[in-house]
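The two complexes that follow have chain A in common; it is paired with chain B in the first and with chain C in the second.
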Partner chain A sequence: MPEYSLKDSIITSLNAQEPWPDNVMLFQPYEVEQILLPDNASCLAVQAFLKMCNLPFEVEMRWNAEFMSPSGRVPFIKCGAFVVSELEPIVQFAANKGVSLCSRLSSEEKAEMRAYMSLITNVLVNAELYISWIHEETFNSVTKTRNSSVYPWPLGWIQTRSKRNAVTKRLKALHWHDKTLDQVLADVEQCCKSLSQRLGDRDYFFGSPTELDALVFGHVFTIITTRLPCRGLAETVLRHSSLVSLAKRIDEKYFKRP
Partner chain B sequence: MGTVHAKADHGEVGGGLFEFEEPVDLDDERTLPKPSIQLGGVRARVDRVHVDGLSRTKDDVVRGTVNDLFLATDFEDVILRAHKVRRALDSMGCFRDIGVLIDVSSGPDATPEGLEVTFQVKELSRIVGGINTTVSENEGNLVIGVKMPNVLGRGERLHAEYSVGHRSTSNFSIAATKPFPRTPLVPVLTTSIFQQNHEYPWSGYRLLDRGVLLDVAFKTSPRTTHNLQWEGLVRDTSVLSKTTSFKVRESSGPQMKSALRHIVTVDNRDEPIFPQRGTRVQFSSEVSGLGGGVAFLKSELLGEANVPLAENIVFQVSGALGVLHDMFGTELTEHFYLGGATTLRGFRQRGAGPHSDNQATGGRMYWASGVHLYTPLPFRPGAGGLGDLFRSHLFANAGCLAGPEESSAMYLSSLSQVRVSIGAGIALRLGRVAKAELNYCVPIRACAGDATAPGLQLGVGAHFL
Partner chain C sequence: MANIELDIWRGDWGLASIDVECLKILTYMKFIGVPVRVRECKSPFFTPKGTFPVMRDGSTVLTNFEAVVEHLKTLHYNTDVHLDSKLEAEASAFTQYLREKLYPAIQYAWWVDEKNYSELTRPTYAKALSLPFNFYYPSKFQSSAQEMVDALYGEHADLKDVERTIYSEAEKCLKTLSDRLGESEYFFGNRPSTFDATVFAYLAPLVKAPFPNPTLSNHVKGIANLSRYVARINQKNFRHVTDEYNKQNKSKNTTSTQSDREAANFPHQTRNKVLAAIFATIAMTGFAVANGLFTVNFKDEFDPTQDYNDMFENDEDDN
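Entry: the complex of A and B
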């Protein structure tokens, strides 16, 4: 888990008065040959959030983005002298600068939004980690090659091994490691069902775009567009057409290339 | 100083016992203590050599070492060769005490001028452990070591070491050494596996090196040592804190390096610490990029000359020069850094040269020099005892470090932006490998961005400029 010290939050809030600079950069791994499913989802979610807020940024791809990040996870943004990683701290950081998507929500709605966001981190992220690192076929044919693509031999092998151990440890602690693929997919199905029930036939979860929409978009869009040997995950998500159309809507609106 | 006891046997011809208690420098022109006997003219030959106390040391290495003795033609020669053999046996690192005994030979095969030489040796125990403290580049370490000398009977050594530093870094290494004492150039082959942790708060990063080092050391002359090394390592660079400069942050991540290195050292000094006279020159060159993700050429030249001006007053000039040529992937960790109590005094550690957010990012070319005047402590307190561990000195340092991004023309101009500092202080010898210095420093010239440290500065290390 990332550590945030009191000092950092004080510095961050002191910095609140300054407007959003123009030279903000978002760092992430190489999209074509390196990035993995869970990382891609969170990078896309942050990008969608920043675009929803209309905050300018540039995407910078680095092989060592993961190691440059203060929390060890991608993506992170560099805003002046500040380095902030992952969606929630970035949302907080933007809010300190007076940019927020959920300011008009009531506190119950905010609590509800947080609950759905943690549902996604607890289910979808773990499922993506499970598929990428524990599911043998996916690990061997996709994860291994992609994760070691930026390192010379035998460093790639060493890095892949140590990262797999770290992910295994995490999933074991969360009791996900012993699940079968079917159980994982059932969890995903459950998660998608509650999300699509909440969404109903609205355009966005709370009427207008919020960080929850950004997060859902990041995961759903990544899962349905990534080709993996294990089709189960994509098929499960594709069954929930309202989520898929939400992802398509956000893609159209914010990511449409001219 | 050695003593030669000559015990003239009454009545018997040529009988005697010669015993060395200390390493003797018989090559010296020094006169032997009285009573002096002319040994050169006495004809003698060695009939037999005994080596007592061998158990696991293999015969062939010992035989190879003592063979020299049989070539002696007169008595002086026998003594000199016996001494040389003693030293050779000592340098094998297998024995604790070595005694030499020369006697007339007896028995049926004895020749008229025949002698018997007996070496009494005590083998080192199979396993030796120890806890000690070491000092390296401004870091003190507690070292726990286990040594297995003479594992296979031919001087092979296994050495494992675990150390904890006062900056809470931990390192370990396991090294296997195999000497070849009877081959020309006396090569010594060493293989080691290591993990090293280093923290560089001045640059805001931490290193974790894990790797393999193969080393062949050989001598082309008694004073010239060569080291040919191959090093393969995986280096994990991570930033120390959230406030670390972004430039340092950019170079974090794991990296693999495979490098060939050649180090030649010519050391003519009389002492490694506080020498009276002599010079030392070390030239090291490194080619990295035989596999791995980083490729560069790196050369470094270090020199030192000592001139005695009067008794115990020594004038020392030293200099250092380094060039790094990057091919690809060279990060901050390979850069040269300048400044600190062991290099450019009067500057903070890594204080001279390019900085980014107050963190040293190093350079790819540097030169540095120092002049010293070493004298004994004023009024010589404790002379002949503790006081001899101390020296007072006056010094002046100058140096320059050029950053990586400049063009070759810029390099020249930035290499002429000299930093200068002067000062005086007291130096303390720590064993025979390190020293500590407490200096009062006055930086005279610094450039924009340099971090100076005027006033008192304490430095501990093995190599000083």
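Entry: the complex of A and C
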């Protein structure tokens, strides 16, 4: 696709000259009645990353944010003429503007950071998707109502169905669908153990805040503050106190409302 | 004490197996030196998951790598004792990283890329399977790989776009791995770990297999320390397999002159000659008979009419 390559080249060359504009908007679904656990976690992670970089932005809630996003996933930011979605491309985009949190890390540390970010997107995101969409009780009492709340009657039902099919397909392809809830929670436990071992008793994973801290904050904070019929996920995460205190620290430092 | 059996896909190109999962388990077992009986099987029809590897130990039947590692741990075979908890955490993070970035690219290169699939993957697996199954399994594996790519990168995305994204992510991942490895012998310390088995299994087929569309394998071959790493582990653990393959290859190369080609043609050529000779004989004889060039004369031996005539003539004389 020509426009795709055009976008790439623009981002790498032209875009670097312009500073970060003031009117950047972050689009996400409605936080109170619509948003689901996995989406909420990734939106929070992006917000945390932008706040850590001291980049000004405004949160704009739209019921159809998912369909406005170029990749079909929330959140996305509108920055001047560019629309960038999801954490990793946004990090890349900010780095091209000269704003980076990990510039002082060695290449080995950067490798490690990327690996841990993968650990989260592979384990925690899939576990969140599993619990929201596959776990019957959660799906029936939370996901179904929230996801269809913004649509008129028959459309909500259809949209929920098709989204559930898409999530099922994704989890099947990654061999997560045939896991039981206990296996999923065991994977989450393993993931949290790895993360808290890496964190140790430091304030941040690599001394100062990086996008890994933003990602961990987004997921841990969302998991422990969202009320779900399935308490297993939150309980598993709460057992790792260093991660929880990291999330609280970031919340207080960057999200404290005046 | 351990009586472990392992069923795998057959090997090729100097690899112990053509399949990533089989290679993972085999490499891991080589690292720890557990006695195991390896069988190259030709039909995965009766396996629990419809594919290999399958490890059997008594009544335990296991099909995935993590479970095998856990099982071997209970038998006190473990490669990761030299890792402290921090390194162990790092190893699990890197395992997930490979799983997220490199594995889709490998599946793409093997199964989704049209050219590789029709010229390399399908013939290879057809050779590895026995007769009725080789019509079924390759396309089954292909559609499951296709489904995975669809689920991860959107169903209606342009395949060219997907290919570029997948390969550029894999390239980034390989660079990261190369940074992490540096010049050390293994990823964690100077002894092999579970993670090394994983990396080797992912990379070795990319280095060894002759891909018609070698985008991904060129990325691996272009990174010097990773390709040296693969060669080193292969040399240490699968030397006999590679040697045997090279020997076979060499003997094939030296004799693959005219006599070799004649030998390959041998049964057909004789058969064709014989058939042609028989056909020509029948045709010529038939033509000759039809035109009356020579008649087959049965009368010489026994002609009943003549006897009758004789009898009749005699009767006439008597009258």
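A few notes on this one:
We adopt the following convention: the second predicted complex is superposed on the first by the 246 of 258 C-alpha atoms of A that agree within 3 Å, B and C clash if a C-alpha of one lies under 4 Å from a C-alpha of the other, contacts with A are read in each partner's own complex, and residues count from 1 in each chain.
One rule holds in what follows: a residue touches a chain if its C-beta (ideal position, glycine included) is under 8 Å from a C-beta of that chain, and two chains touch if they have at least 3 such contacts.
Computed from a prediction, not measured in an experiment: that's the story for all the values here.
After superposition onto chain A, the partners chain B and chain C occupy separate space and fit alongside each other. Taking chain A as the reference chain, the count of touched residues is higher for C when chain B and chain C are set side by side.
In the superposed model, A:Thr225 makes contact with neither chain B nor chain C.
Legend: residue contacts after superposition of the two complexes on their common chain; A:Ser141 is shown touching neither chain B nor chain C. Within the superposed three-chain model, A:Ser118 lies in touch with chain C and out of touch with chain B [touch as defined at top]. After the chain A superposition, the centres of chain B and chain C are separated by 80° when viewed from the C-alpha centre of chain A, nearest 10. Contacts of A:Arg170 after superposition: chain C is touched, whereas chain B is not reached. Once the two complexes are laid over each other on the shared chain, residue contacts for A:Gln183 go to neither chain B nor chain C. Residue contacts after overlaying the shared chain place A:Asn64 against chain B, while chain C stays out of touching range.
In this overlay, which is a superposition and not a single complex, chain B and chain C have their closest Cα atoms 12 Å apart. Every residue of chain A that touches chain C in the complex is listed here, in rising order: 1, 4, 71-72, 107-108, 110-112, 114-116, 118-119, 121-123, 166, 169-170, 172-174, 190-191, 193-195, 197-198, 200. On chain B, the positions that touch chain A within their shared complex are 234, 237-239, 242, 246, 249-250, 252-256, 291-293, 357. Contact residues on chain C toward chain A in their complex (touch as defined above): 85-86, 88-90, 92-94, 96-97, 99-101, 144, 147-148, 150-152, 154, 158, 160-161, 176-177, 179-180, 182. Those residues of chain A lying in contact with chain B across their complex are 5, 8, 62-64, 66-68, 70, 78, 81, 83, 151-155, 158-159.
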